[in-house]
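Naming follows writing order (A, B, C and D), and every chain is counted from residue 1.
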Amino acid sequence: MNKIISIKEAISHIKNGNTIAVGGFGLVGCPLRLVEVLGEHPVYGLTVISNNLGEPDGKGLGRILLQNKITKAIGSFFTSNIDAVRYVNEGKLEVELVPQGTLAERLRAGGAGIGGFYTKTSAGTLLAENKESRTINGEEYVLEFALYPDVALIKAKKADRYGNLSFSKTARNFNPDMAKAAKITIVEAEEIVEVGELTPEEIVVPHLFVNYIVKGEKSNEF
Amino acid sequence: MNKIISIKEAISHIKNGNTIAVGGFGLVGCPLRLVEVLGEHPVYGLTVISNNLGEPDGKGLGRILLQNKITKAIGSFFTSNIDAVRYVNEGKLEVELVPQGTLAERLRAGGAGIGGFYTKTSAGTLLAENKESRTINGEEYVLEFALYPDVALIKAKKADRYGNLSFSKTARNFNPDMAKAAKITIVEAEEIVEVGELTPEEIVVPHLFVNYIVKGEKSNEF
Amino acid sequence: MNFKQKMAIRAVQEIKNGNIVNLGIGIPTLVADFLPKDKNIFLHTENGLLGVGPTPSKEEVDSDIINAGKLPVTAQEGASYFSSSESFAMIRGGHIDVAILGALQVAENGDIANWAIPGKDILGVGGAMDLVAGARKVIVTTQHCAKNGDPKILRRCTFPITAKNLVSLLITEYAVFRFENGKMILEELAEEMTESELKKITPAEYIVSPNLSKYQMNGTEHLLENY
Amino acid sequence: MNFKQKMAIRAVQEIKNGNIVNLGIGIPTLVADFLPKDKNIFLHTENGLLGVGPTPSKEEVDSDIINAGKLPVTAQEGASYFSSSESFAMIRGGHIDVAILGALQVAENGDIANWAIPGKDILGVGGAMDLVAGARKVIVTTQHCAKNGDPKILRRCTFPITAKNLVSLLITEYAVFRFENGKMILEELAEEMTESELKKITPAEYIVSPNLSKYQMNGTEHLLENY
């Protein structure tokens, strides 16, 4: 039951055509080492679920995009990476734009056994076109469905050997939701500690959501 | 912005006909002092959302039931209190039986702006009768709606003066979900501490979900 | 060796290293006593704890740590606590490897009834429907017949069901049945039971596995020595 | 005093002691600079922090604490961090008292458009739709006209809307409008603006409040002295 493996071995769990969820809000909380090694792994046709697609000049997921490994992106804000904008215009990238809260909730639903849910967000807008809506207590709600990534690449502050996780400040963001939603969850931890070092109060993601752990380090990028 | 008030004042926020959510799994994590003072408050026709209805011999919510203040109970397990069973048989109590996970999720939905959601739990059973169902990815899901209590009575380990909360072990249970779902959330805290004493990592319920805090103590009942 | 312990030990054989396991009330509770010490097995209790430890001594009892049966328990190293919605997200989201529960009835199609009896008050369901619908593998441990002799292993449940077609394995004191592709298969038979005797007390229609064997204890009988 | 600071100060008047406030990018960001020190006001940022503190000095910067604009911030005493789904549960569940956002267009019916321009790539929405749909009070701060002189305060939005009928208050450099029962009401007018001039640059149909007043600064102009 050893979950600690090399980054290379971890990345080899990603297969052609997989849907992968990648943590982070911009570069903060993004598992940059895992993403880097994904760049060296010969895998294509990926659908990426992530709030953004990295930053320009091939930072974070931006690099994977420039390697033409990503065919579809599901997220809330891609305009900050001009490469993503260019890829869309050139027809090389399909985008599913989702309000940020709906993105988080669809991931949470995937992890929690909720097939779909009704939200007021986006009701009456372009992003609700062709979606079912329903009036509940006199207000219009839009039906959204769960997301089920094949693999999640997430970033944690600390992981113990069982896979219990803690996070650093706002570097938490989408990481817990993605960890819970994915079939296989791979964690890049800044520190790997012994079981018992993380108190029950510190554990934000319990180990049952975690399949593999790799050693990373703190990033200073944002 | 002082949220710390007397138990009597806190309970006076409960009005005739209100729907109140009361934390606890059995007596563990139940705000017993608030419930006790609720017993002295002249309020009737309450709908109570709680996993159980106290224990026999008028323990916890069992006492409020014997005072004929509760007309309806929404929860998952009432058989452990024979008084509740008797009240139902005598036509003095209406019961809405909900699977425990659906109860928690309906509260979570109420707090999170989710009007309704689809769950596999109860599909094809008596508890899904007269409920909408829907096939998602080839499996049958049941539509459940959010719960919106008027008031939540919850139990915390520590509260700071802003209303940030921590919980003790399995005494956490339904308390965070109820705190988030209710229009008015009243917390019975074993300890009231200064702002800053609870680290960001310890805070399970941030203060924006808490309206009032009363001083309680640790219970040894279960 | 009493038959309940034997069933608990048989259930233990189904649990793999690293598994997350939720134990129901009754016979399933006994499973905790027989978990192999050389494996990391994590017990989940739906009231908000992953990593349930042994029952505390009277002095160690902390009323803030209970299990779903409202009995005092302890927490193991590496344990964590969480709210009800998070706990049931684990269950309903498919993160519990094995749920072991009791039953009032089990049907040949994998239906289970374990929460309500017709004609009696239906006032409690707890987490049963969530566990059966959500766990990856649902193991039922139950006595083969009711106390009054009524069969419990049926063609169709006559009591209100808890979930449809979701039982993976049924362990009684006399036999072990596997449910696969809508079929119920007799896999193992207890020492003291014969195929024809079993048929008499089992209205459910089942296939006899070509590999039918004796009740598998896999050398774990020694676990019973302390009991 | 520049007009953006004036709008930020006007927005501050709407924030009550104890309020939970989410600030968008642009003019709304300036609001943080003018929050009264004698009140407890809590800034929420949707990437997972309640209790945003001032911008850190260069030495204090921690790349793990940023706001939704991806700029480094600090955390105040009593602050807490949470995941995205929990952060948006706060927003969508109605727990944010005030959201202050910029806009591309606002319509007389309370519609707002602030995320997409027809003919340009529509590749970013962020948390805008969640905030407008979820916050108890939605305050829009925007320049009255676009840089090219096009009106922004319209009968109907021509850009894709962010949400329907949900703006509570609109603050421009020239005027303050309140939205009530489907009506748009002119409440305040800036010193240098007249009613007839305003009408010319405002295609939206609005009612003039019988209590129409000057732009309310309520004695907080001194806040500008440091700027």
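To be clear about the criterion, a residue touches a chain if its C-beta (ideal position, glycine included) is under 8 Å from a C-beta of that chain, and two chains touch if they have at least 3 such contacts.
Keep in mind that what you see is a predicted model, and the values were worked out from it rather than measured.
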- Task: Give me the fewest steps it takes to get from chain A to chain B if each step has to go to a chain it touches.
- Result: 1
- Item | Contact-richer chain pair [B-C vs A-C] | B-C
- Query: Using the average of all C-alpha atoms in each chain as its centre, how far is it in Å between chain B and chain C?
  - Reply: 29
- Task: Just give me the whole-number Å value for how far the CA centre of chain B lies from that of chain D.
- Result: 35
- Item | Euclidean distance of C-alpha centroids - chain C vs chain D, Å | 56
- Got the chain A residues that touch at least 2 other chains? 105, 108, 112-114, 119-121, 169, 200-201
- Task: Provide the list of chain C residues touching at least two other chains, using ranges where the numbers run on.
- Result: 75, 81-82, 85, 88-89, 91-92, 133-134
- Pull out all the chain pairs that touch, please. A-B, A-C, A-D, B-C, B-D
- Message: For a test of understanding, state which residues of chain B touch chain C in their complex under the given definition.
- Response: 25-26, 28-29, 51, 76-80, 84-85, 88-89, 95, 97-105, 107-108, 119-127, 167-177, 204, 218-222
- Message: Give the list of chain C residues in touch with chain A in this complex.
- Response: 17-18, 20, 39-40, 42, 44, 50, 75, 77-82, 85, 88-96, 133-134
- Residue ranges of chain B in contact with chain D within the complex: 1, 108, 110-114, 160, 162, 164, 180, 195-196, 198, 200-201, 203, 206-209
- Task: Sort out for me which residues of chain D touch chain A in the complex.
- Result: 45-49, 62-66, 68, 70, 72, 75, 81-85, 87-89, 91-92, 116, 121-130, 133-134, 160-164
- Message: Per the contact definition, I'd like the list of chain A residues that touch chain B in the complex.
- Response: 105, 109, 112-121, 134, 136-137, 139, 141, 145, 166, 169, 200-202
